[in-house]
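Single-structure report; data block below.
Labels for the chains are A, B, C, D, E and F, by order of writing; each one numbers its residues from 1.
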Amino acid sequence: MTTPFVPPGRVWADLPGSAIPAVTSERSLAVVPVGAIEHHGPHLPLRTDALIAERVAAAAVARAASEGIDAWLLPTITISKSDEHHWAPGTLWIEGTTLLDQLVQLGQSLRITPVRTVVFVNGHGGNVALLGWANRELRRRFGLRSFAMPAGIVPAGDGTDGSPDERGQGIHAGWAETSLVMHLAPELVSPDLPPRNVPERIAGMRHIGFNGRPVTFGWTSDDFGPTGVIGDPTGATAAAGAALFDRGVAFVAEALAEIDGFEFA
Amino acid sequence: MTTPFVPPGRVWADLPGSAIPAVTSERSLAVVPVGAIEHHGPHLPLRTDALIAERVAAAAVARAASEGIDAWLLPTITISKSDEHHWAPGTLWIEGTTLLDQLVQLGQSLRITPVRTVVFVNGHGGNVALLGWANRELRRRFGLRSFAMPAGIVPAGDGTDGSPDERGQGIHAGWAETSLVMHLAPELVSPDLPPRNVPERIAGMRHIGFNGRPVTFGWTSDDFGPTGVIGDPTGATAAAGAALFDRGVAFVAEALAEIDGFEFA
Amino acid sequence: MTTPFVPPGRVWADLPGSAIPAVTSERSLAVVPVGAIEHHGPHLPLRTDALIAERVAAAAVARAASEGIDAWLLPTITISKSDEHHWAPGTLWIEGTTLLDQLVQLGQSLRITPVRTVVFVNGHGGNVALLGWANRELRRRFGLRSFAMPAGIVPAGDGTDGSPDERGQGIHAGWAETSLVMHLAPELVSPDLPPRNVPERIAGMRHIGFNGRPVTFGWTSDDFGPTGVIGDPTGATAAAGAALFDRGVAFVAEALAEIDGFEFA
Amino acid sequence: MTTPFVPPGRVWADLPGSAIPAVTSERSLAVVPVGAIEHHGPHLPLRTDALIAERVAAAAVARAASEGIDAWLLPTITISKSDEHHWAPGTLWIEGTTLLDQLVQLGQSLRITPVRTVVFVNGHGGNVALLGWANRELRRRFGLRSFAMPAGIVPAGDGTDGSPDERGQGIHAGWAETSLVMHLAPELVSPDLPPRNVPERIAGMRHIGFNGRPVTFGWTSDDFGPTGVIGDPTGATAAAGAALFDRGVAFVAEALAEIDGFEFA
Amino acid sequence: MTTPFVPPGRVWADLPGSAIPAVTSERSLAVVPVGAIEHHGPHLPLRTDALIAERVAAAAVARAASEGIDAWLLPTITISKSDEHHWAPGTLWIEGTTLLDQLVQLGQSLRITPVRTVVFVNGHGGNVALLGWANRELRRRFGLRSFAMPAGIVPAGDGTDGSPDERGQGIHAGWAETSLVMHLAPELVSPDLPPRNVPERIAGMRHIGFNGRPVTFGWTSDDFGPTGVIGDPTGATAAAGAALFDRGVAFVAEALAEIDGFEFA
Amino acid sequence: MTTPFVPPGRVWADLPGSAIPAVTSERSLAVVPVGAIEHHGPHLPLRTDALIAERVAAAAVARAASEGIDAWLLPTITISKSDEHHWAPGTLWIEGTTLLDQLVQLGQSLRITPVRTVVFVNGHGGNVALLGWANRELRRRFGLRSFAMPAGIVPAGDGTDGSPDERGQGIHAGWAETSLVMHLAPELVSPDLPPRNVPERIAGMRHIGFNGRPVTFGWTSDDFGPTGVIGDPTGATAAAGAALFDRGVAFVAEALAEIDGFEFA
């Protein structure tokens, strides 16, 4: 067997199939950005989540690879479980079960390669539960190791990083996402930012809430008003976005390193 | 139309169908305990999660009702998504998609009643992602309000409540669950408690972990050894279980009160 | 390996998982009560079928066990295929295919135990076809032996047991079920029994009918009037219910004994 | 609108689509023969059930039509739920859920016609449960009236019609089916009839059994030996088959008449 | 083992199951006619496609067998993917996924026989894509060889065979199908033929079109007018149908011969 | 309502959701590139089909837009129905039914926008049947107009465009695809081109074949040898690729113009 042709870079799909058995191994990490195409208010592009996930994952893979970790960037899942924005024209969404099938079939595809580890870098909160579920399917069905993480870092919310106090509710099209897109694709951000739309009632609750609160709840984004914003985009800046991006990349790269050395017990 | 017969209590299925339109309303909360029948080590019954969820939910419904909240106890879902214990004889599990179908069809059943709110009180960590997903399906498809919460309270882990330091890994058949079953059904607990089985490697990680850590991962319970325990059951007592039970009931009752007054915005 | 802890009784889910391989064998019978939560007229609780199935099965398992048969009581399936009552508020029903999936996955769970035999004790006529189908799936897919039987005995209908002549149409919330609930849970039965509602036209037919007639037909319970009763509950008594219960338990216990010795050829 | 072209006969699929609204009405009965292609021992063709169902249904439709009943013969379902013969080469079978989908979609097709009634004439015992289920789906989903009946008549088993005593176990490739095919397609019957293969153990049971016994059980046909026969084909004759055929046709025609006048209440 | 009984002819389902392993081999071709029951204008029967597919396949199997090719005729699939005629009363259609399941399960049935080759002879254009898909499923899942072909030959359209110029749009109930049914079942053809209904706009397009054009498009037959005809039935004759039939049979028989000798490389 | 923010370009997902109702209309064309990630021999990247489809579609959308056609580029479907390459490590494939679900759900997403037309520009032959099927689903279920076309042009094969004679079998990783990637992403093409691998036996057949032949057949790419090439990549050049690309873009742009004016009748 001759030496396979291997083009430069860490992009899985840039490789010819013949190179996969040669350049990947049990140590390889298959990193899958998971985005969304969904309404992000009047000021951000539909592909906000896909953009952030893909850019963070690509940068983190490059950084991890430069540190000796055998990470590979797989194609971004652009359209995902955005059913909470189903009411908003422009959103492209699939049923959760369809996405789950896709992810299980990704495991089916990978199990004939040397790769034993899948890592989802997720830009869309609506996928978190599904990715947790998928993690287990990939482990139980195929014996793969599977991980999921957010593509970004939650802003401090206490002023230390310039972020406004969104009362922990800045989950969609708020300060962080707006800043990130200002950094990554400024031409796609409207100069007119929509006003703060923080669900103040929920913020004031004790048990019910989006993150960290013990009682979860079903919602669609129009439950919180017509703009599709949940948070406070005012005050977002490209500079803040650059800082958030760097922190996101650093976090994902660190997580990849931890995954590289992961053992169950 | 004559006055319907209404037996005492808050058990949905004790009512005749004819009473449902009369005694329930838009204010009613349909509370569904969600358990599991799964391996819980050599010392706890297979129905540990079902027992805890059902008992906590029943007590919390009674307490909430005594405080004027129109809560109703629906039948417990006993068998659920326990695929992480699929390898352990005795575990009775269904595919997540089957459970999701069940929950969606519960919403289909309820939408012809006056009830607009479903509350899942969940005793099995393996169902958390699925219930989050189900919450949204019930809202999107049927316009219901839907909530999910744990049946219990995480032990302090710092000695203030007598709990051992399980390093945040006491997620299955550890101190809390063992104490709770000692309180609720002492005859079903083995006098010989298995040894501590805390995944120390994972406990020492920075990003990857079970709860609160940002990187989730796929696992089955045999990834952590053969006993089916993840945590430290030694030191569990019925008295501690009684305290945990009371705290769990108080938490769920409070949450039901918050749900009673819930509005999105 | 140490001796596993085994609590008293014949309840599968009371056992720790560790005990299953030790206390069960190829001779064990996994007995599954199958109920329903469905409209049973203005006088009976929604859980009539679940109550009867569970109570008959538990008593029959105890009796069979006392006679040396290794029967185990599995968790009751409470919510099942009640689509014929889909129109009646309070009914909780799932699609037949969802229930079929559950039963197949029960077989999947059991096949890693020593148990080779599943027995459904069914309180809801609407499940009969589905259980016949499930029997075959369990045999074909997993090589299990599988059986299904009614939880009760058809009343004589000729006065010898006090039952009214329901013309063979007393299939739902009639004399037998009303008497049984009067016996098992009298506090849940309305003192006002609804009037006789026997489908007299169908009773007079030659080929078409519910049971025993060669031509089956599709129906929902509102095809026979608004009360949800198909039969004649008037004249039901707790004493008759006690007798029916005893006959039901005796029948199921006898059937378990026959299953215990069952061989195909 | 011009008068549609209507060819002679009662065959649905012989009509042009344009004739359906003109020649059918709420009184019309859509009669669907349901057969099977499955191993029927070494002496009978694989299509035994399809042959019998189609021939009986066609004759009964003709007879009913001659008596003023607006019955129409739809295409035979030849391949059905023969999973109990899955082990036998030559059997062509589909999953029950696939057949159920087909039947529901038949209802979907018919609901845009004037026809409100579907009648299944079934030649394969393995379909009975499924057809009972399908009956309800067609009623609940589409408001159709739906009926299912066997294509044949159970032999007396007591000698009065010449049938052997198969002890109620002559359910597959026994005296009745062998005689019927001798009558309908003698060239397809082997001159060498296989020996009696009655499950004598089951015949001697009290509760467990194929038909009429209260305890059903899962089986595949190889559970009873390698020939694929369950019953006693010896003694079968074409004359007996002719008599059985006539009785079957008479039964189905009578049933169609009863269906023609059917009302729920 | 004794010699199995084998009746005359090439009809799979005429054989007893016991004969299949004896008379079939790796060389055998399982030929499956695929028809449809769908609106074919006011002049042709609903079963036009089923009639043509079955008659052509039967004749081609006979011819091929006479030339030493071990072809067997399996039961016709009568009801198929006719969703483009879903609007027309009389059409009996199933979802494509249901038909795909059926075909995969046909492969599942055949894989326990000696037969390694399936051949679909298709009378309905709406099935072409699905059969292409099914071909691959049968190969990938079961290692079968699988082929699909039309039951007929496209008319010349240039007058050399008497056919009118339907501009390549004579795809449904046009000259060819009308002539074929005039030949095969003249009593089922209306003496009043509907007028030409050729989609002239589409005929004049450059890229978009039904056959051979590179751009395919979604349509239902009512997109082209109310008659259900797409083509020009005027001028159809039984003589032309006889010629088309002969050409179709010759084509299929030749194709079977080519399949008989088929090797991938 | 204020004027929505609209960034430059024709990329759907660059728009904010708020802009969709304002900038799209019934005239808009939603253009979806459909690629694949699959083994393309030792010399081409796994993403060959995705690369070609996306680049051709983007260029054609730009050209069409410059000619006044309201075309929008939707996200590329990168992973699709590549089951014929399931055996080759590196291939990422999903089941056809999963892709079909995705496409139907795309229609579900679009139906709440003003857009009435979907256009698939497809780079992977294995998707052709599925896209034809999807076209109809989108029309029948949602009333959309739907079209599918290849992203490229078949080489002449007669030397007029420099292409070798691949005997009509150059369907995968042959001269055309190799030339196209040399043009679009030369750094991803191995300098060592694999040898010609034309299925000569099939080329010599009369009826059976890949394209244009009337008899289709099931295959996986390893049926034709181990390299994953079906065709003749030798002789491919970037210049030829540039010409093929221009022809492909011109074809798709022309087709978009034809679609813009499309009416059924």
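Worth a mention:
Going forward, a contact is a pair of C-beta atoms (placed from the backbone, for glycine too) under 8 Å apart; a residue touches a chain by one contact, two chains touch by 3 or more.
Computed from a predicted structure; not experimentally measured.
The set of chains touching chain B and also touching chain F is given as A.
Most remote chain with respect to chain E, judged by CA-atom centres, is B. Judged by shared residue numbers over all numbers used at their interface, chain D and chain E contact each other through mostly the same positions, with over half in common. The centroid of the Cα atoms in chain A and the matching centroid in chain E are 49 Å apart. One inter-chain figure worth recording: chain A and chain F are separated by 27 Å, centre to centre, where each centre is the mean of the chain's CA atoms. Counting partner chains per residue, chain D has residues 86 touching two or more of them. Taken together, the touching pairs link the chains into one ring where each has two partners.
Within the complex, the chain F residues that touch chain E are 83-84, 86, 96-97, 100, 126, 128-140, 144-150, 199, 201-202, 205-208, 214-220, 223-225, 251, 254-255, 258-259, 262-265.
Listed in rising order, the residues of chain F touching chain A in the complex are 2, 4-5, 7-8, 12-21, 37-47, 50, 74-76, 78-79, 85-95, 98, 101-102, 105-106, 109-110, 112-114, 187-188, 190-192, 228.
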